[in-house]
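Take a look at the structures below.
Both complexes shown next keep chain A, but they swap its partner, so chain B is in the first and chain C is in the second.
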Partner chain A sequence: MKDVVLNNIVKTYNKGKVKAVNDVSFTVNKGELFGLIGPDGAGKTSIFRILTTLLLPDSGTASVKGFDVIKDYKNIRSSVGYMPGKFSLYQDLTVEENLNFFASVFNTTIQDNYDLIKDIYVQIEPFKDRRAGKLSGGMKQKLALCCALIHRPTVLFLDEPTTGVDTVSRKEFWEMLKSLKQQGITILVSTPYMDEATLCERIALMQNGEIMSIDTPKNIINQFPENLFAIKANDMGKLLQDLRKNHEIKTCNAFGEFHHITINSGEPIIENRKFKISNIEKMLIESGHKELVIKEITPTIEDCFIRLMDQSIDNG
Partner chain B sequence: MKQFLSFVRKEFYHVFRDKKTLLMLFGLPIVQIVLFGFALTNEIKNAKIVICDYAKDEATQQIINKIEASQNFDIQETLLSHQQIEEAFKAGNIKLAIIFPANFNKDLSHLHQAQIQIIADASDPNTANTLTNYASAIIMDYQQGLMKNNVVPFRIVPEIRMLYNPELKGATNFVPGVMALVLMLVCVMMTSVSIVREKENGTMEVLLVSPFNPFLVIIAKAIPYLLLSIINLAVILILSVTLLDMPINGSILLLFAESILLIITALSLGLLISNVTQSQQAAMLISMMGMLVPTLLFTGFMFPIENMPVPLQVISNIVPAKWYYIMVKSIMIKGLGFAAIWKETLILLATTCLLLFISLKTFKNRLG
Partner chain C sequence: MRTLKFLLQKEFKQIFRNKALLPLIFVVPIVQLLILPLAADYEVKNINISIVDHDHSAFSRHLISKITASGYFRLADYSPSFNTAFKQIEQDQSDLILEIPQGFEKNLVRENEQKLFIAVNAINGVKAGLGGAYLNQIITAYNADIRLQWFQPDKFNTAPVITVASSNWFNPFMNYRFFMVPGILVILVTMVGSYMCALNIVKEKEVGTIEQINVTPIKKYQFILGKLIPFWAIGMFVFSVGLFVVARLVYGIVPVGNLFLLYGYLSIYLVALLGLGLLISTFAETQQQAMSVAFFFIMIFMLMSGLFTSLDGMPQWAYFIAKCIPVTYFIEVVRMIILKGSGFADIKYHFVIMIGFAALLNGLAIWNYKKTS
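== the complex of A and B ==
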């Protein structure tokens, strides 16, 4: 049973000038935690809005729980939970008033579905008389999640729920999503943070309105075809310049503490690779780099994303 | 129903927690009534005048006493010679000079005819005109008093009656105007801003993705403003009756019924504005410019519509406040019943239905 189905969805803005979603197709299984991963402007929000019946696609079909997003929009609206990217509750209403209001909008009460939101609500309950506008970013997101869950939705759409939230709250938020998944709720979540991708069951990597890859995070990492090295020295700026000048090096990207590189090895013969790495190390020492560290690492989702992005640029 | 009530309650929270909106909602009408009532009136009170009395007899003394007793005039000084008058005008605040020639009483009693010279500062023609009218009225009054004793045959005295507003008070004219203005402004602006605010804050997005009927959103939004506007109306009426001696000759019930009709017109107009705007500022600006200026210009309480060129007269017909103004004047001042204003009611009702229809048609069930 597929809870969410998209077939060749296209969405443009400004009378076709801006292509936000370009021929996107994917499915989300029942009870799955599915992530749309991509930077701002990748088309994530447009897909969410099409699925929540807020926008009409230019072409293609989509359905949620078997309901068509155009014809049966009323059925979708009453059965899904939606948390938009921007904090969309009433800032001048208190936590409790917001929750009560959304409960009654969905013809239910807090008591009826308290078991579902209990774990989340207890964290914000001490502040229930505080106005929503006065809450911290993490608290706001918890409240918004409570409001989106209050009617026990079967599919939950979370558009960048962790953007602008501190690391601790982000972690807590993903824990909550995991426990919601246990309750059988299908969750579609989007995030620009690549490190959160591994927390999803399956992910779609998006860029410029197109999906570059859909798979489990593990498979996507395993599909990374080359060996990846992390490299560090005292002058990281100069190191990056030198590495990019080097013909042995295929790609080089700055990744915080380390630069990640792949090499033009032709074929991945271990001896050959070791030889090339030691060559590179020698050259770097010659050009005056100190405290040099080179190590082989497992690629992250971000490495995969950058590789796919470069590929599509080369192809396009 | 429970859904709906909780929505209405939420709207009341919004209104009462936003101190600025609340201040505007109730401050605006009070300020306008007080402003129009005391500052912007075309009655002239305590105009400074001088009197030059060459006669100094019984008759002139009586006339001067009457002038002194009038609220309109404030006699600055009594001059001795003609030359001083021009100096007094040049010196400043003197608006009017009244000169009694020598032998005023003698002429009056023997020749049955006497002359008084009234000189006005006509650099402001309206004031000059009004003041000379006040002065003539006082003199006419005195003359009539004399006539009771001396019967002068074959003299035609025109009797002028100012219908409905015998004291020519400005308030009777502008209170209905201010009522129209305040109701239009408050209702249109408040509804359009509060709906656009939901769009701006993204809460509309969440509300749309719910089983809630969007039309109910609109009606729920309108109810608090309808109630608050009725309170506002009551405040305006109490202020104008107590402070400005405004009469309510007709049925108060009818007055409120017609006002509620105008409020609904304004609410549908606000809804229409909120449908075509995306930001609170734009909604505010359109409501302000779109409501304030036409209401001031075309209602007829500031500028008589009869004096306008024909195209503007035609335009004035589409301003709902104009019809309301006519109805309120008929009810409050003339004391007429529904039979006299059914035509205006019908026009306003038709406008409301049209606006409501268009705004519900243009209401977007989705984003963008």
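== the complex of A and C ==
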């Protein structure tokens, strides 16, 4: 059963001048942890706002738990949990008051659903008398998640929950999502961080309001059609320039410690590639690079994303 | 109902926790009510006068002492010539020049007639007009004095005389505060109602909490009522404090009319005003925008509602605008009930008009609120 269905959703702003979401269709299965991955401005938040009935699409249809986002918006509102990207709880109410308030507007109580939020709530419980505005970033996220869960939603929408949160809290947050998934809650999460993509069951890579690819992270990585090499030397800046000038190199992107390159291989023969790599290595040494390291690696989601992005630029 | 209760609970908690807003709601109106009526005084005192006396006679000295003893004038300068006196006006040291010609006493006694010259600095029109008028009155009184001294009145009046006796109703001592305080009270309630309400709703938009509220099953009318009721109550409270504490204890104003009638009108008026606040909040995206728009309206309300100036003195188009302002009607009603003791029959049209305003403003606000979301 599909919990979330989008069919050809289009959303424009400024009277059609800005296309935020362009003909997007995808489905999310029941109990799935689905990730929308894309940079800022890819249209993630617009999709979330359409699905949570805060925004009307220009065209196309969408439904959550079988309820249409336009006609049955009331049913959707009582059965989904939404955590906006921006912290949107009452900053002048305390942690407990916020939670109580959102529980009561959904006609429930903290006690009724305490088992669902317990694992998260115990972490912020020592601060329950503190005003929400005075919490740290990570605590705010936990409180927001508690408030989104307090009415036991069946579908949870999390818009960039880890943006602006430190690495440890991010890790904790994803652990929490995993345990929520165990409870059978369908989770739709968006993130601009590519490294978080592998934590989702299925992901949609988005760019400029369009979906470039939808699959499991593993399949997306497997679909990467070329061999990828990581390369490192003493002068990374010069290395990047030299590599980009080289005709044997197809793509070259800076990735932290290494540069990731793919090569123009006429024939898919492994010997041929190895030969080319050793050629490149030789050339680089000749042009004065020291401490050269070249190794073949499995691509990351980010590599896949960049490749898809370049492709769409070439096509467009 | 349960949801509304929680919304109200939350709203009051927030209001009472807001350290900046709380004094703004409760203290500022009272302070303003104490200060503003003193500033909005129509009587002009301390008019600086320069006197040029070419006569130096007993009569001229008598006139001068009468002028300075009136309490309205302050003798700024006693100049030998008109030109030096005029310098005083140029330097803004004096507002009026009274020139007494040479032979004032002699001619007055001999020819029964004499002329005085008054020059007025008319930059401040009110001060100049009133100063000139006061001075004229004093001179007229002086004139009557002299006549009384010189002529014994005939036993029988030879010419018929109309004597006018006037009496001031509803405000016998013509205390301007009786007129101003109720009006200012209205303005204060207006500010609390429209400003606070608009800002509060826009704050939810700005902070983003409205998003979170919108994905809950809270209905729109519940949300709106949750916002209107607290500010309606605060408006009632501020008005009561102003009326029973400040107006009664400080200014000694005791409402003559029926209090239920007054509060009945106030409750409708507040609904209309909160509708205006709501309307502003549907247009504004940030508190800054809401503040600017609300300020614009408050300025017009203050200056055109007949608080300071009489409506009848306005040009036709301004009169028309004044009649489109709800504040105008409430100021009228407050003055009528508090000072005159008017009953329901006297203000029934005011009631109808205010209900119309309440329906119109709230209707527009809800219509626009629906349109945007």
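Annotations
Please note the rule applied: the second predicted complex is superposed on the first by the 316 of 316 C-alpha atoms of A that agree within 3 Å, B and C clash if a C-alpha of one lies under 4 Å from a C-alpha of the other, contacts with A are read in each partner's own complex, and residues count from 1 in each chain.
Throughout what follows, a contact is a pair of C-beta atoms (placed from the backbone, for glycine too) under 8 Å apart; a residue touches a chain by one contact, two chains touch by 3 or more.
Note that the structure is a prediction, hence the values are computed from the model and not measured.
Considered on the superposed chain A, chain B and chain C are sterically incompatible, since they clash. More residues of chain A lie in touch with B than with the remaining chain of the pair chain B and chain C. Residue contacts after overlaying the shared chain place A:Y82 against chain B and chain C alike.
Using the contact criterion defined above for the overlaid structures, shared-chain residue A:Q91 touches chain B and also reaches chain C. In the superposed pair of complexes, A:M139 makes contact with neither chain B nor chain C. Taken together, the two complexes place residues 52-54, 74, 77-78, 80, 82, 84, 86-93, 97, 101-102, 104-107, 147 of chain A in contact with chain B and also with chain C.
Per the touch definition, chain A reaches chain C in the complex via residues 52-54, 74, 77-78, 80, 82, 84, 86-93, 97, 101-102, 104-107, 147. Listing the residues of chain B that touch chain A in their complex gives 2-3, 6-7, 10, 13-14, 17-18, 201-203, 205-212, 365-368. Note for the complex: chain A touches chain B at residues 13, 49, 52-56, 73-74, 77-78, 80, 82-84, 86-93, 97, 100-102, 104-107, 147-148.
By the touch criterion given at the top, residues 2-3, 6-7, 10, 13-14, 17-18, 207-209, 211-218, 373 of chain C touch chain A in their complex.
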